[in-house]
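Once you've had a glance at the structure underneath, I'll fire off some questions.
By written order: A, B, C and D. Residues from 1 in each chain.
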Amino acid sequence: MNTTLEQPISHCDVEIRVRYVETDAMGYLHHSQYFVYFEIGRTELLRANGLCYADMEREGMFYVVARLECRFRAPARYDEVLTLRTATTRVSHVRVDHRYELRRGDLLLAEAASTLALVGRDGRPMPLPDALFVRLVGKPA
Amino acid sequence: MNTTLEQPISHCDVEIRVRYVETDAMGYLHHSQYFVYFEIGRTELLRANGLCYADMEREGMFYVVARLECRFRAPARYDEVLTLRTATTRVSHVRVDHRYELRRGDLLLAEAASTLALVGRDGRPMPLPDALFVRLVGKPA
Amino acid sequence: MNTTLEQPISHCDVEIRVRYVETDAMGYLHHSQYFVYFEIGRTELLRANGLCYADMEREGMFYVVARLECRFRAPARYDEVLTLRTATTRVSHVRVDHRYELRRGDLLLAEAASTLALVGRDGRPMPLPDALFVRLVGKPA
Amino acid sequence: MNTTLEQPISHCDVEIRVRYVETDAMGYLHHSQYFVYFEIGRTELLRANGLCYADMEREGMFYVVARLECRFRAPARYDEVLTLRTATTRVSHVRVDHRYELRRGDLLLAEAASTLALVGRDGRPMPLPDALFVRLVGKPA
(Lines give C-alpha, C1' and ligand atoms only; values in the text may rest on other atoms or scores of the structure.)
Protein backbone atom coordinates (compact mmCIF):
# COMPACT_ATOMS: atom_id res chain seq x y z
CA MET A 1 0.00 0.00 0.00
CA ASN A 2 1.49 3.27 -1.09
CA THR A 3 0.64 6.76 0.14
CA THR A 4 1.75 10.32 -0.25
CA LEU A 5 3.46 12.08 2.62
CA GLU A 6 0.39 14.30 2.94
CA GLN A 7 -1.76 11.26 3.67
CA PRO A 8 0.39 8.74 5.47
CA ILE A 9 -1.08 5.39 6.48
CA SER A 10 -0.55 6.39 10.10
CA HIS A 11 1.62 8.75 12.08
CA CYS A 12 2.39 9.86 15.61
CA ASP A 13 4.25 12.67 17.36
CA VAL A 14 6.66 12.18 20.23
CA GLU A 15 8.56 14.75 22.27
CA ILE A 16 12.22 14.08 22.92
CA ARG A 17 14.50 16.15 25.14
CA VAL A 18 18.12 16.37 23.94
CA ARG A 19 20.47 14.66 26.41
CA TYR A 20 23.86 16.08 27.29
CA VAL A 21 25.66 12.93 26.13
CA GLU A 22 24.05 13.35 22.71
CA THR A 23 25.78 16.66 22.08
CA ASP A 24 29.26 16.97 20.63
CA ALA A 25 32.17 19.38 20.94
CA MET A 26 30.46 21.71 18.44
CA GLY A 27 27.68 22.09 21.01
CA TYR A 28 25.09 20.46 18.74
CA LEU A 29 23.09 17.26 18.83
CA HIS A 30 25.36 14.80 16.99
CA HIS A 31 24.04 13.84 13.56
CA SER A 32 24.17 10.09 14.28
CA GLN A 33 21.76 10.63 17.15
CA TYR A 34 18.92 11.66 14.84
CA PHE A 35 18.64 8.05 13.71
CA VAL A 36 18.26 6.99 17.33
CA TYR A 37 15.36 9.42 17.64
CA PHE A 38 13.77 8.03 14.47
CA GLU A 39 13.96 4.55 15.98
CA ILE A 40 12.14 5.84 19.07
CA GLY A 41 9.53 7.29 16.73
CA ARG A 42 9.01 3.90 15.08
CA THR A 43 8.63 2.18 18.46
CA GLU A 44 5.99 4.68 19.51
CA LEU A 45 4.17 4.54 16.16
CA LEU A 46 3.95 0.75 16.48
CA ARG A 47 2.59 1.22 20.00
CA ALA A 48 0.03 3.72 18.69
CA ASN A 49 -0.98 1.01 16.20
CA GLY A 50 -1.51 -1.48 19.03
CA LEU A 51 1.79 -3.26 18.46
CA CYS A 52 4.77 -3.73 20.76
CA TYR A 53 8.12 -4.15 19.06
CA ALA A 54 9.57 -5.91 22.12
CA ASP A 55 6.81 -8.53 21.77
CA MET A 56 7.52 -8.83 18.05
CA GLU A 57 11.14 -9.72 18.83
CA ARG A 58 10.05 -12.23 21.45
CA GLU A 59 7.90 -13.83 18.72
CA GLY A 60 10.90 -13.98 16.38
CA MET A 61 10.23 -10.97 14.13
CA PHE A 62 13.00 -8.41 13.80
CA TYR A 63 12.98 -5.18 11.82
CA VAL A 64 16.27 -4.40 10.14
CA VAL A 65 17.02 -1.07 8.51
CA ALA A 66 17.69 -1.44 4.79
CA ARG A 67 17.96 2.25 3.84
CA LEU A 68 18.17 5.59 5.61
CA GLU A 69 18.27 9.12 4.27
CA CYS A 70 18.28 12.36 6.20
CA ARG A 71 18.54 16.06 5.41
CA PHE A 72 19.73 18.21 8.29
CA ARG A 73 18.23 21.74 8.17
CA ALA A 74 19.14 23.31 11.51
CA PRO A 75 21.00 22.19 14.64
CA ALA A 76 19.58 21.23 18.02
CA ARG A 77 21.19 21.79 21.40
CA TYR A 78 21.24 20.28 24.88
CA ASP A 79 18.00 20.29 26.86
CA GLU A 80 15.84 21.44 23.95
CA VAL A 81 12.53 19.64 23.64
CA LEU A 82 12.02 18.49 20.06
CA THR A 83 8.95 17.10 18.37
CA LEU A 84 9.37 14.13 16.08
CA ARG A 85 6.63 13.17 13.65
CA THR A 86 6.96 9.60 12.38
CA ALA A 87 4.74 8.43 9.54
CA THR A 88 4.27 5.06 7.88
CA THR A 89 4.17 5.89 4.17
CA ARG A 90 4.23 2.48 2.49
CA VAL A 91 3.70 -1.11 3.60
CA SER A 92 4.21 -4.14 1.41
CA HIS A 93 4.69 -7.76 2.41
CA VAL A 94 8.45 -7.33 2.22
CA ARG A 95 9.13 -3.83 3.49
CA VAL A 96 7.84 -0.82 5.44
CA ASP A 97 8.68 2.77 4.59
CA HIS A 98 8.64 5.63 7.08
CA ARG A 99 9.14 9.37 6.89
CA TYR A 100 10.23 11.64 9.71
CA GLU A 101 10.14 15.33 10.52
CA LEU A 102 12.01 16.65 13.54
CA ARG A 103 11.07 20.14 14.72
CA ARG A 104 11.76 22.58 17.52
CA GLY A 105 8.54 24.51 17.71
CA ASP A 106 7.75 25.43 14.11
CA LEU A 107 11.33 25.17 12.90
CA LEU A 108 12.11 22.09 10.83
CA LEU A 109 15.44 20.64 11.99
CA ALA A 110 15.58 17.50 9.88
CA GLU A 111 13.53 15.38 7.50
CA ALA A 112 14.25 11.79 6.76
CA ALA A 113 13.04 8.55 5.22
CA SER A 114 13.75 4.90 5.90
CA THR A 115 13.00 1.45 4.56
CA LEU A 116 12.82 -1.50 6.93
CA ALA A 117 12.69 -5.21 6.15
CA LEU A 118 11.44 -7.94 8.45
CA VAL A 119 13.79 -10.82 9.25
CA GLY A 120 13.44 -13.95 11.38
CA ARG A 121 15.69 -15.28 14.14
CA ASP A 122 18.01 -16.63 11.44
CA GLY A 123 18.47 -13.14 10.00
CA ARG A 124 16.76 -14.11 6.74
CA PRO A 125 14.01 -11.93 5.24
CA MET A 126 10.47 -13.02 6.05
CA PRO A 127 7.19 -11.68 4.68
CA LEU A 128 5.09 -9.58 7.04
CA PRO A 129 2.47 -11.85 8.62
CA ASP A 130 -1.10 -10.91 7.68
CA ALA A 131 -1.97 -9.91 11.25
CA LEU A 132 0.95 -7.49 11.34
CA PHE A 133 0.11 -6.12 7.90
CA VAL A 134 -3.47 -5.41 8.98
CA ARG A 135 -2.27 -3.61 12.11
CA LEU A 136 0.10 -1.46 10.09
CA VAL A 137 -2.25 -0.46 7.27
CA GLY A 138 -5.58 -0.71 9.07
CA LYS A 139 -7.06 -3.20 6.59
CA PRO A 140 -6.20 -6.51 4.91
CA ALA A 141 -3.75 -6.67 2.01
CA MET B 1 35.30 19.74 -8.80
CA ASN B 2 33.18 16.73 -9.63
CA THR B 3 34.30 13.12 -10.01
CA THR B 4 32.87 9.71 -10.56
CA LEU B 5 33.01 7.17 -7.74
CA GLU B 6 35.49 5.18 -9.81
CA GLN B 7 37.91 8.11 -9.75
CA PRO B 8 37.40 9.93 -6.49
CA ILE B 9 39.45 13.03 -5.72
CA SER B 10 41.03 11.13 -2.85
CA HIS B 11 40.23 8.18 -0.63
CA CYS B 12 41.57 6.17 2.26
CA ASP B 13 40.87 2.89 4.00
CA VAL B 14 40.63 2.44 7.75
CA GLU B 15 40.07 -0.69 9.79
CA ILE B 16 37.53 -0.50 12.61
CA ARG B 17 36.80 -3.22 15.14
CA VAL B 18 33.16 -3.44 16.26
CA ARG B 19 32.84 -2.60 19.97
CA TYR B 20 30.49 -4.47 22.26
CA VAL B 21 28.62 -1.29 23.19
CA GLU B 22 27.88 -0.70 19.50
CA THR B 23 25.86 -3.90 19.19
CA ASP B 24 22.17 -4.11 20.02
CA ALA B 25 19.80 -6.77 21.35
CA MET B 26 19.53 -8.23 17.84
CA GLY B 27 23.24 -9.03 18.12
CA TYR B 28 24.14 -6.67 15.26
CA LEU B 29 26.09 -3.45 14.96
CA HIS B 30 23.39 -0.80 15.46
CA HIS B 31 22.51 1.08 12.27
CA SER B 32 23.14 4.52 13.83
CA GLN B 33 26.72 3.47 14.54
CA TYR B 34 27.59 3.27 10.83
CA PHE B 35 27.45 7.06 10.70
CA VAL B 36 29.96 7.23 13.54
CA TYR B 37 32.28 5.04 11.49
CA PHE B 38 31.84 7.30 8.46
CA GLU B 39 32.85 10.27 10.60
CA ILE B 40 36.01 8.41 11.61
CA GLY B 41 36.66 7.79 7.91
CA ARG B 42 36.39 11.53 7.18
CA THR B 43 38.80 12.38 10.01
CA GLU B 44 41.36 9.91 8.67
CA LEU B 45 40.88 11.03 5.05
CA LEU B 46 41.56 14.62 6.10
CA ARG B 47 44.67 13.41 7.93
CA ALA B 48 45.78 11.54 4.81
CA ASN B 49 45.37 14.85 2.96
CA GLY B 50 47.64 16.59 5.46
CA LEU B 51 44.79 18.19 7.39
CA CYS B 52 43.76 17.82 11.01
CA TYR B 53 40.09 18.38 11.74
CA ALA B 54 40.83 19.20 15.40
CA ASP B 55 43.09 22.05 14.16
CA MET B 56 40.36 23.22 11.76
CA GLU B 57 37.96 23.59 14.69
CA ARG B 58 40.60 25.46 16.72
CA GLU B 59 40.87 27.85 13.74
CA GLY B 60 37.09 28.34 13.69
CA MET B 61 36.07 26.03 10.83
CA PHE B 62 33.42 23.41 11.54
CA TYR B 63 32.04 20.79 9.21
CA VAL B 64 28.32 20.17 9.62
CA VAL B 65 26.48 17.31 7.98
CA ALA B 66 23.80 18.51 5.56
CA ARG B 67 22.72 15.17 4.08
CA LEU B 68 23.31 11.48 4.74
CA GLU B 69 22.18 8.41 2.88
CA CYS B 70 23.02 4.80 3.59
CA ARG B 71 22.05 1.42 2.23
CA PHE B 72 22.59 -1.48 4.60
CA ARG B 73 23.45 -4.73 2.77
CA ALA B 74 24.53 -7.15 5.50
CA PRO B 75 24.94 -7.00 9.28
CA ALA B 76 28.14 -6.79 11.31
CA ARG B 77 28.76 -8.31 14.74
CA TYR B 78 30.88 -7.71 17.84
CA ASP B 79 34.66 -7.94 17.48
CA GLU B 80 34.61 -8.16 13.69
CA VAL B 81 37.25 -6.07 11.97
CA LEU B 82 35.67 -4.04 9.18
CA THR B 83 37.28 -2.02 6.41
CA LEU B 84 35.85 1.38 5.63
CA ARG B 85 36.73 3.13 2.39
CA THR B 86 36.01 6.85 2.48
CA ALA B 87 36.25 8.88 -0.72
CA THR B 88 35.95 12.56 -1.45
CA THR B 89 33.80 12.71 -4.59
CA ARG B 90 33.06 16.40 -5.00
CA VAL B 91 34.41 19.65 -3.57
CA SER B 92 32.98 23.07 -4.24
CA HIS B 93 33.46 26.28 -2.29
CA VAL B 94 30.27 25.60 -0.35
CA ARG B 95 30.17 21.84 0.15
CA VAL B 96 32.11 18.58 0.19
CA ASP B 97 30.65 15.24 -0.85
CA HIS B 98 31.90 11.86 0.33
CA ARG B 99 31.07 8.26 -0.45
CA TYR B 100 31.65 5.29 1.81
CA GLU B 101 31.88 1.53 1.47
CA LEU B 102 32.04 -0.65 4.57
CA ARG B 103 33.19 -4.24 4.08
CA ARG B 104 34.07 -7.34 6.05
CA GLY B 105 36.65 -8.98 3.84
CA ASP B 106 35.10 -8.92 0.37
CA LEU B 107 31.53 -8.65 1.58
CA LEU B 108 29.92 -5.23 1.18
CA LEU B 109 28.03 -4.39 4.39
CA ALA B 110 26.93 -0.84 3.60
CA GLU B 111 27.39 1.93 1.08
CA ALA B 112 26.66 5.54 1.82
CA ALA B 113 27.01 9.15 0.72
CA SER B 114 27.12 12.45 2.57
CA THR B 115 27.23 16.17 1.95
CA LEU B 116 29.00 18.46 4.40
CA ALA B 117 28.95 22.25 4.65
CA LEU B 118 31.52 24.42 6.37
CA VAL B 119 30.34 26.81 9.07
CA GLY B 120 32.12 29.32 11.28
CA ARG B 121 32.01 29.77 15.06
CA ASP B 122 28.69 31.53 14.66
CA GLY B 123 27.19 28.47 12.94
CA ARG B 124 26.75 30.37 9.67
CA PRO B 125 27.92 28.86 6.37
CA MET B 126 31.34 29.99 5.21
CA PRO B 127 33.08 29.29 1.91
CA LEU B 128 35.98 26.85 1.99
CA PRO B 129 39.21 28.87 2.26
CA ASP B 130 41.48 28.48 -0.80
CA ALA B 131 44.17 26.73 1.23
CA LEU B 132 41.67 24.13 2.41
CA PHE B 133 40.24 23.70 -1.10
CA VAL B 134 43.71 23.04 -2.50
CA ARG B 135 44.42 20.45 0.18
CA LEU B 136 41.15 18.67 -0.55
CA VAL B 137 41.33 18.59 -4.35
CA GLY B 138 45.09 18.65 -4.83
CA LYS B 139 45.05 21.78 -7.01
CA PRO B 140 43.65 25.34 -7.00
CA ALA B 141 39.99 25.99 -7.81
CA MET C 1 26.17 20.35 54.18
CA ASN C 2 26.15 16.64 54.76
CA THR C 3 23.15 14.33 54.94
CA THR C 4 22.34 10.69 55.25
CA LEU C 5 20.82 8.88 52.31
CA GLU C 6 17.60 8.57 54.31
CA GLN C 7 17.31 12.35 54.47
CA PRO C 8 18.84 13.75 51.33
CA ILE C 9 18.97 17.48 50.78
CA SER C 10 16.64 17.03 47.83
CA HIS C 11 15.63 14.31 45.43
CA CYS C 12 13.45 13.63 42.43
CA ASP C 13 12.19 10.65 40.47
CA VAL C 14 12.20 10.39 36.69
CA GLU C 15 10.90 7.66 34.43
CA ILE C 16 13.14 6.53 31.60
CA ARG C 17 12.23 4.05 28.88
CA VAL C 18 15.11 1.86 27.66
CA ARG C 19 15.93 2.61 24.02
CA TYR C 20 16.83 -0.12 21.56
CA VAL C 21 20.21 1.46 20.81
CA GLU C 22 21.07 1.27 24.51
CA THR C 23 20.88 -2.53 24.56
CA ASP C 24 23.80 -4.76 23.66
CA ALA C 25 24.26 -8.20 22.11
CA MET C 26 23.55 -9.78 25.52
CA GLY C 27 20.06 -8.27 25.25
CA TYR C 28 20.61 -6.03 28.27
CA LEU C 29 20.87 -2.29 28.81
CA HIS C 30 24.62 -1.66 28.44
CA HIS C 31 26.33 -0.82 31.73
CA SER C 32 27.83 2.44 30.42
CA GLN C 33 24.32 3.69 29.73
CA TYR C 34 23.40 3.79 33.42
CA PHE C 35 25.69 6.80 33.80
CA VAL C 36 23.79 8.55 31.03
CA TYR C 37 20.59 7.97 32.97
CA PHE C 38 22.18 9.36 36.15
CA GLU C 39 23.12 12.51 34.21
CA ILE C 40 19.48 12.87 33.14
CA GLY C 41 18.53 12.50 36.80
CA ARG C 42 20.87 15.34 37.78
CA THR C 43 19.46 17.61 35.06
CA GLU C 44 15.92 16.98 36.28
CA LEU C 45 16.87 17.38 39.96
CA LEU C 46 18.42 20.77 39.16
CA ARG C 47 15.22 21.69 37.31
CA ALA C 48 13.15 20.60 40.33
CA ASN C 49 15.35 22.93 42.38
CA GLY C 50 14.55 25.83 40.04
CA LEU C 51 17.85 25.61 38.17
CA CYS C 52 18.55 24.95 34.51
CA TYR C 53 21.90 23.36 33.74
CA ALA C 54 21.84 24.70 30.17
CA ASP C 55 21.60 28.21 31.64
CA MET C 56 24.43 27.46 34.04
CA GLU C 57 26.68 26.57 31.10
CA ARG C 58 25.65 29.74 29.26
CA GLU C 59 26.74 31.65 32.38
CA GLY C 60 30.10 29.88 32.38
CA MET C 61 29.55 27.23 35.06
CA PHE C 62 30.23 23.62 34.13
CA TYR C 63 29.81 20.52 36.26
CA VAL C 64 32.50 17.91 35.73
CA VAL C 65 32.32 14.42 37.14
CA ALA C 66 35.15 13.71 39.59
CA ARG C 67 34.09 10.27 40.84
CA LEU C 68 31.50 7.65 39.95
CA GLU C 69 30.63 4.37 41.57
CA CYS C 70 27.86 1.95 40.63
CA ARG C 71 26.68 -1.46 41.78
CA PHE C 72 24.63 -3.36 39.24
CA ARG C 73 22.03 -5.65 40.85
CA ALA C 74 19.81 -6.81 37.98
CA PRO C 75 19.65 -6.20 34.25
CA ALA C 76 17.19 -4.08 32.29
CA ARG C 77 15.89 -4.73 28.79
CA TYR C 78 14.57 -2.84 25.76
CA ASP C 79 11.33 -0.89 26.19
CA GLU C 80 11.15 -1.34 29.95
CA VAL C 81 10.16 1.79 31.87
CA LEU C 82 12.56 2.35 34.75
CA THR C 83 12.34 4.75 37.67
CA LEU C 84 15.44 6.65 38.65
CA ARG C 85 15.66 8.37 42.01
CA THR C 86 18.39 11.01 42.14
CA ALA C 87 19.30 12.59 45.48
CA THR C 88 21.65 15.39 46.44
CA THR C 89 23.42 14.05 49.52
CA ARG C 90 26.15 16.62 50.17
CA VAL C 91 26.93 20.13 48.98
CA SER C 92 30.06 22.05 49.83
CA HIS C 93 31.55 25.07 48.10
CA VAL C 94 33.80 22.82 46.06
CA ARG C 95 31.74 19.73 45.31
CA VAL C 96 28.28 18.19 45.10
CA ASP C 97 27.53 14.55 45.92
CA HIS C 98 24.60 12.59 44.53
CA ARG C 99 23.19 9.14 45.07
CA TYR C 100 21.06 7.18 42.63
CA GLU C 101 18.69 4.22 42.73
CA LEU C 102 17.38 2.74 39.49
CA ARG C 103 14.37 0.43 39.78
CA ARG C 104 11.91 -1.47 37.62
CA GLY C 105 8.81 -1.47 39.77
CA ASP C 106 10.04 -2.52 43.21
CA LEU C 107 13.15 -4.28 41.94
CA LEU C 108 16.41 -2.43 42.53
CA LEU C 109 18.52 -2.63 39.36
CA ALA C 110 21.42 -0.41 40.34
CA GLU C 111 22.59 1.95 43.05
CA ALA C 112 25.29 4.53 42.54
CA ALA C 113 27.04 7.60 43.88
CA SER C 114 28.88 10.48 42.24
CA THR C 115 30.92 13.53 43.11
CA LEU C 116 30.83 16.57 40.84
CA ALA C 117 33.06 19.64 40.84
CA LEU C 118 32.24 23.00 39.31
CA VAL C 119 34.66 24.45 36.75
CA GLY C 120 34.70 27.67 34.75
CA ARG C 121 35.12 28.21 31.01
CA ASP C 122 38.86 27.71 31.46
CA GLY C 123 38.28 24.26 32.93
CA ARG C 124 39.66 25.35 36.32
CA PRO C 125 37.76 24.57 39.55
CA MET C 126 35.58 27.38 40.83
CA PRO C 127 33.69 27.59 44.13
CA LEU C 128 29.91 27.27 43.93
CA PRO C 129 28.45 30.79 43.87
CA ASP C 130 26.31 31.57 46.92
CA ALA C 131 23.13 31.83 44.85
CA LEU C 132 23.70 28.34 43.44
CA PHE C 133 24.56 26.96 46.89
CA VAL C 134 21.31 28.32 48.33
CA ARG C 135 19.30 26.78 45.49
CA LEU C 136 20.92 23.40 46.04
CA VAL C 137 20.66 23.18 49.82
CA GLY C 138 17.61 25.38 50.41
CA LYS C 139 19.41 27.77 52.77
CA PRO C 140 22.63 29.86 52.95
CA ALA C 141 25.98 28.24 53.72
CA MET D 1 43.95 -15.46 43.39
CA ASN D 2 44.59 -12.01 44.75
CA THR D 3 47.32 -9.57 43.76
CA THR D 4 48.44 -6.05 44.44
CA LEU D 5 48.09 -3.45 41.73
CA GLU D 6 51.88 -3.37 41.48
CA GLN D 7 51.90 -7.04 40.50
CA PRO D 8 48.72 -7.72 38.60
CA ILE D 9 48.00 -11.21 37.33
CA SER D 10 48.22 -9.86 33.79
CA HIS D 11 47.84 -6.56 32.03
CA CYS D 12 47.92 -4.99 28.58
CA ASP D 13 48.06 -1.52 27.07
CA VAL D 14 45.86 -0.34 24.20
CA GLU D 15 45.82 2.97 22.37
CA ILE D 16 42.44 4.56 21.74
CA ARG D 17 41.81 7.70 19.71
CA VAL D 18 38.95 9.89 20.98
CA ARG D 19 36.10 10.00 18.45
CA TYR D 20 34.16 13.16 17.74
CA VAL D 21 30.85 11.55 18.72
CA GLU D 22 32.33 10.76 22.15
CA THR D 23 32.83 14.41 23.02
CA ASP D 24 30.11 16.57 24.56
CA ALA D 25 29.13 20.23 24.48
CA MET D 26 31.82 20.98 27.09
CA GLY D 27 34.35 19.87 24.48
CA TYR D 28 35.48 16.91 26.60
CA LEU D 29 35.29 13.15 26.25
CA HIS D 30 31.99 12.31 27.98
CA HIS D 31 32.44 10.55 31.32
CA SER D 32 30.18 7.61 30.36
CA GLN D 33 32.54 6.85 27.48
CA TYR D 34 35.41 5.92 29.80
CA PHE D 35 33.53 2.74 30.68
CA VAL D 36 33.33 1.88 26.98
CA TYR D 37 37.10 2.23 26.78
CA PHE D 38 37.54 -0.02 29.83
CA GLU D 39 35.40 -2.65 28.08
CA ILE D 40 37.70 -2.46 25.06
CA GLY D 41 40.63 -2.91 27.43
CA ARG D 42 39.07 -6.08 28.85
CA THR D 43 38.47 -7.49 25.36
CA GLU D 44 42.09 -6.91 24.41
CA LEU D 45 43.43 -8.27 27.72
CA LEU D 46 41.44 -11.48 27.15
CA ARG D 47 42.90 -11.63 23.63
CA ALA D 48 46.40 -11.16 25.05
CA ASN D 49 45.63 -14.12 27.35
CA GLY D 50 44.70 -16.26 24.35
CA LEU D 51 40.95 -15.85 24.86
CA CYS D 52 38.29 -14.37 22.59
CA TYR D 53 35.26 -12.91 24.34
CA ALA D 54 33.13 -13.32 21.19
CA ASP D 55 33.89 -17.07 21.32
CA MET D 56 33.06 -17.16 25.03
CA GLU D 57 29.61 -15.76 24.26
CA ARG D 58 29.12 -18.28 21.44
CA GLU D 59 29.90 -20.98 24.03
CA GLY D 60 27.32 -19.54 26.43
CA MET D 61 29.53 -17.60 28.85
CA PHE D 62 28.73 -13.94 29.41
CA TYR D 63 30.55 -11.45 31.58
CA VAL D 64 28.27 -9.02 33.38
CA VAL D 65 29.51 -5.96 35.23
CA ALA D 66 28.69 -6.11 38.94
CA ARG D 67 30.55 -3.03 40.14
CA LEU D 68 32.33 -0.05 38.60
CA GLU D 69 34.25 2.79 40.17
CA CYS D 70 36.14 5.57 38.43
CA ARG D 71 38.04 8.68 39.48
CA PHE D 72 38.37 11.31 36.79
CA ARG D 73 41.60 13.32 37.10
CA ALA D 74 41.85 15.34 33.87
CA PRO D 75 39.74 15.68 30.73
CA ALA D 76 40.43 14.32 27.26
CA ARG D 77 39.51 15.91 23.95
CA TYR D 78 38.66 14.93 20.37
CA ASP D 79 41.38 13.21 18.34
CA GLU D 80 43.73 12.73 21.25
CA VAL D 81 45.40 9.33 21.40
CA LEU D 82 45.09 7.87 24.89
CA THR D 83 46.77 4.85 26.43
CA LEU D 84 44.67 2.53 28.52
CA ARG D 85 46.32 0.02 30.83
CA THR D 86 43.97 -2.79 31.87
CA ALA D 87 45.06 -5.20 34.59
CA THR D 88 43.47 -8.32 36.02
CA THR D 89 43.95 -7.95 39.78
CA ARG D 90 41.92 -10.81 41.24
CA VAL D 91 40.30 -13.97 39.89
CA SER D 92 38.13 -16.30 41.88
CA HIS D 93 35.66 -18.90 40.65
CA VAL D 94 32.84 -16.41 40.96
CA ARG D 95 34.31 -13.08 39.93
CA VAL D 96 37.11 -11.25 38.14
CA ASP D 97 38.47 -7.87 39.24
CA HIS D 98 40.20 -5.39 36.93
CA ARG D 99 41.93 -2.08 37.39
CA TYR D 100 42.40 0.58 34.75
CA GLU D 101 44.60 3.61 34.17
CA LEU D 102 43.90 5.94 31.27
CA ARG D 103 46.70 8.33 30.30
CA ARG D 104 47.60 10.91 27.69
CA GLY D 105 51.36 10.62 27.55
CA ASP D 106 52.45 10.69 31.19
CA LEU D 107 49.33 12.45 32.45
CA LEU D 108 46.88 10.26 34.34
CA LEU D 109 43.35 11.05 33.15
CA ALA D 110 41.38 8.44 35.05
CA GLU D 111 41.81 5.39 37.25
CA ALA D 112 39.13 2.82 37.78
CA ALA D 113 38.24 -0.62 39.08
CA SER D 114 35.56 -3.14 38.17
CA THR D 115 34.18 -6.48 39.27
CA LEU D 116 32.68 -8.84 36.71
CA ALA D 117 30.65 -12.00 37.24
CA LEU D 118 30.16 -14.79 34.74
CA VAL D 119 26.60 -15.75 33.80
CA GLY D 120 25.14 -18.36 31.47
CA ARG D 121 22.59 -18.00 28.68
CA ASP D 122 19.86 -17.94 31.33
CA GLY D 123 21.46 -14.91 32.99
CA ARG D 124 22.24 -16.91 36.15
CA PRO D 125 25.71 -16.81 37.73
CA MET D 126 27.99 -19.66 36.79
CA PRO D 127 31.43 -20.54 38.19
CA LEU D 128 34.41 -19.87 35.92
CA PRO D 129 35.26 -23.13 34.14
CA ASP D 130 38.71 -24.47 35.08
CA ALA D 131 40.06 -23.94 31.58
CA LEU D 132 39.06 -20.27 31.69
CA PHE D 133 40.47 -19.86 35.19
CA VAL D 134 43.83 -21.25 34.08
CA ARG D 135 43.94 -18.90 31.10
CA LEU D 136 43.20 -15.91 33.30
CA VAL D 137 45.64 -16.62 36.14
CA GLY D 138 48.26 -18.64 34.27
CA LYS D 139 48.01 -21.67 36.53
CA PRO D 140 45.36 -24.01 38.03
CA ALA D 141 43.24 -22.91 40.97
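The working rule: contacts are C-beta pairs under 8 Å (C-beta built on N, C-alpha and C of every residue); 3 or more make two chains touch, one makes a residue touch a chain.
Everything numeric in this text was worked out from a predicted model, so none of it was measured.
Ranking every chain by how far its Cα centroid lies from the centroid of chain D, the top place goes to A.
Chain pairs C-D and A-D differ in how many C-beta pairs they share in contact, with the greater number at C-D.
As a whole-number value, the distance joining the C-alpha centres of chain C and chain D reads 24 Å.
The mean-CA centres of chain A and chain D are about 35 angstrom from one another, to the nearest whole unit.
For chain C, the set of residues that touch two or more other chains comprises 20-21, 25, 32, 36, 39, 57, 77-78.
Listing the residues of chain C that touch chain D in their complex gives 25-26, 28, 31-33, 35-36, 39, 57, 62, 64-72, 75, 123. Here chain A touches chain D in the complex through residues 20-21, 23-25, 27, 30, 32, 77-78, going by the rule given at the top. Here chain D touches chain B in the complex through residues 19-21, 36, 39-40, 43, 52-54, 57, 77-79, going by the rule given at the top.
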